[in-house]
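Down below is the structure, laid out as structure tokens.
Chain IDs A, B, C and D follow the sequence of writing; residue 1 opens each chain.
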Amino acid sequence: MSRTIRVTVWNEYVHEREIPAIAAVYPEGIHGCIRRFLSREEDIAVTCVTLDMPHQGITRELLAGTDVLIWWSHARQEDVTDETVRLVREAVHAGMGLIALHSAHFSRIMRDLMGTTMTLHWRHGDSEKLWCIAPAHPIARGVPACIDLPAEEMYGEPFDIPRPDDIVFLGWFASGHVFRSGMTFIRGMGRIFYFQPGHEEAPVYEQPEIQRIITNAVRWAAPVCRLDGPPDNVAE
Amino acid sequence: MSRTIRVTVWNEYVHEREIPAIAAVYPEGIHGCIRRFLSREEDIAVTCVTLDMPHQGITRELLAGTDVLIWWSHARQEDVTDETVRLVREAVHAGMGLIALHSAHFSRIMRDLMGTTMTLHWRHGDSEKLWCIAPAHPIARGVPACIDLPAEEMYGEPFDIPRPDDIVFLGWFASGHVFRSGMTFIRGMGRIFYFQPGHEEAPVYEQPEIQRIITNAVRWAAPVCRLDGPPDNVAE
Amino acid sequence: MSRTIRVTVWNEYVHEREIPAIAAVYPEGIHGCIRRFLSREEDIAVTCVTLDMPHQGITRELLAGTDVLIWWSHARQEDVTDETVRLVREAVHAGMGLIALHSAHFSRIMRDLMGTTMTLHWRHGDSEKLWCIAPAHPIARGVPACIDLPAEEMYGEPFDIPRPDDIVFLGWFASGHVFRSGMTFIRGMGRIFYFQPGHEEAPVYEQPEIQRIITNAVRWAAPVCRLDGPPDNVAE
Amino acid sequence: MSRTIRVTVWNEYVHEREIPAIAAVYPEGIHGCIRRFLSREEDIAVTCVTLDMPHQGITRELLAGTDVLIWWSHARQEDVTDETVRLVREAVHAGMGLIALHSAHFSRIMRDLMGTTMTLHWRHGDSEKLWCIAPAHPIARGVPACIDLPAEEMYGEPFDIPRPDDIVFLGWFASGHVFRSGMTFIRGMGRIFYFQPGHEEAPVYEQPEIQRIITNAVRWAAPVCRLDGPPDNVAE
């Protein structure tokens, strides 16, 4: 129970380098912010990789040593290669946890794992109240019933996603929209958490309650059972 | 497929007789309004009963001839007797459909069938947007993505309810709350739909989209399999 | 409610032409057998297509006029083209129902829609008892609690599949295995039923109870809402 | 994460004192066996109570200091008082975990929390293979894909139970039956695991794999959030 959870944060890392206003919000990059708060936890060790690295930052060796992969992407979703998608999918199927943040709902890997279009309604310049509807879920441990996000992009229903295993959070947006903002799924041996907050223009990942949720999600998503590869057919 | 669905509408029928402003909203009683719009459907036949009738309007014979029971209650939830609860529960277990409207979430029969406290947050004087999040569900047939309810009581999360089978609607409230506003459950052979809209002070059940949802729910809840009584143990 | 449901049966149609013993079981092909029993229903109209037809039998026009697609495949799963997979996936997302039979669990389209490996345990030469565990489900209407399949290929757990919406049937195999043998899923607007029975060496689709299940599944999978194409993102 | 989980084992403790053959299987009582193997775990502390104790062994104070209650009952289900049922239900709603073993599916507390009849098929003198169908679930940690129970009472489908949150185990019985043998539910804040094995005539709870499952279930069911009492309505 006391082993270290090895987290890899994969960040597209485009907006933070191209847009000064966003660089001001996340001077270390979104991955740097996530690494900072996760690294405070004794049982978590963090590695960061970005899209511009060789092999898009993703190798079989890295994933074999990753318990939970956190993924943030937006502007370059379609640049992620078939090979990267395949490696991540196979690692999830073999038991690696996956936390997809915000616009990563539309990443190739999430569309691949979910089998739906992952489409939704959206608009900039909104605010959100994040309601916890599953207070007995491990991801809700120590999380308040309602979290205010003064500036957040609106993501609204209908959200084209398979029925989730658990809906932990619902989002209320000032513009009149609602969203399933925190949901879990299992694919193969892999435990997946999708979490909607985290538009790059506001320091959402600096909020302690959001950090608490992501930290809880890391512990929840850590592998129960890790195979050498995806499950295979067995002839008896 | 063409048989008639026999609906019984049970209404507490207290507010409409005691409070003139509510009588003005529902001069026929809430049950009268529901009977009126359901009776337009060729495949539906409606009977109404109320709390003040002998046996609280509920007998074994009535329920044996009821395919779907619609239940509205609020002020006198605790006056419903053990015998009434038992008869309804046994009919649901044997296959009768049940549609619990608005404050009937806190009816004795719903608490009995759900096994949770059914508690929630609430306040008067709000407005709601009802979002359909399961457009492929039969209860959503022909229902728009969003329905405006200009005056509705707020019901808010956390709602202490078992995990539903299907969440068809989410409610957005102007006061900043969200709610699982339309949900399905199975108990025994009985198909159950809980639907949150319908505070007695506004003519919510006169809205065509709401009527469409309740009509769809009647067809969805009609028995697939009706037993003579609740399922029993079988020694092989 | 009385409109005709347009069913297309897609059959790989390889075993029945290559192996005399299987030709003896299904002289019309598996598709021919399914067409025969579905065509007895007044509200169902059936078209059959096979892998060897132009475009593998699948065109956008055909799917646009198909309410429910039934799919049987085994020996040539990997020959199904990207284009065929894409057309079927988009039609499902837009609302077409899909019934995947037996070894079609491992079809490219099911792996694509489910996002898992769809692997399992298997062996030839077994027998099955098919237990209905959801008697209140529309697919179970008129179906007995247990159906004997004297000769059936074993499919056994663990089955690498996402959590289903409904598990309607569990399979018991004489060799000591169990399987989730009938399950429903929603992907986009499309309603999907996976049904395990139907190994080609025994006349399973000639059994009246199995025909009843597939007929029920056709009615269950018929579109509630059919879009012109897959759902898309909406900027508010 | 390292705090002690306080487990209370409640055992009816009738069969073991009345029937010599059963006393030979469980000379310490079923509770004694469970206490023995759970007490080997550093993070678990065990208390045992039985039906014949004052207040049937259940007081508000005991439950307030219990993280997870394990319940075995059979011959005297109906002797459990309204007060005992109420205290346990309120503790579960407030966050206490509950593990209901074998015939405790038909305990008053489980019927009360589930809202169904909990009826099933049964017969003595069978054998079971217990298949794990959710290897990524925490209760499956370190558990083999299949466990042989050479002597076990048959419990068979249809089992009249609400749709579970997770189905972790399916049971195969030599007599031709299947069963959902390990399932989770949430009621209020309380996490519930129902586990079918454990007929009193065979030393099932002495099998290391079964002990592993129950130990995992204790850690899974430990409260995420413990309230002072059941959730209540909140007027905003």
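Here is the rule we go by: a contact is a pair of C-beta atoms (placed from the backbone, for glycine too) under 8 Å apart; a residue touches a chain by one contact, two chains touch by 3 or more.
This structure is a prediction, so every number in the text was calculated from the model and none was measured.
S.K.: So what angle, to the nearest 5 degrees, turns chain A so that its CA atoms land on those of chain C?
M.R.: 180
S.K.: Can you give the whole-Å distance between the Cα centres of chain B and chain D?
M.R.: That pair's centroid distance is 34 Å.
S.K.: Could you please state the distance in Å, as a whole number, between where the Cα atoms of chain A are centred and where those of chain B are centred?
M.R.: Centre-to-centre distance between chain A and chain B: 38 Å.
S.K.: Indicate the residues of chain C shared as contacts by at least two other chains.
M.R.: 135, 156, 158, 163, 165-166, 177, 186, 188, in rising order.
S.K.: If you connect every pair of chains that touch, what shape comes out? Choose line, ring, star, complete or other.
M.R.: Contact pattern: complete, every chain touching every other.
S.K.: Can you name the residues of chain C that touch chain B in the complex?
M.R.: Interface residues on chain C, with respect to chain B: 1-2, 43, 95, 134-138, 140-141, 165-166, 186, 188-191, 223-225.
S.K.: Give every residue of chain A touching chain C within the complex, in rising order.
M.R.: Against chain C, chain A makes touches at 93, 112-117, 119-123, 154, 156, 158, 160, 162-163, 165, 175, 177, 185-188, 230-236.
S.K.: So in the complex, which bits of chain D are touching chain C?
M.R.: 129, 131-133, 135, 145-146, 156-159, 163, 166-167, 170-173, 176-178, 180
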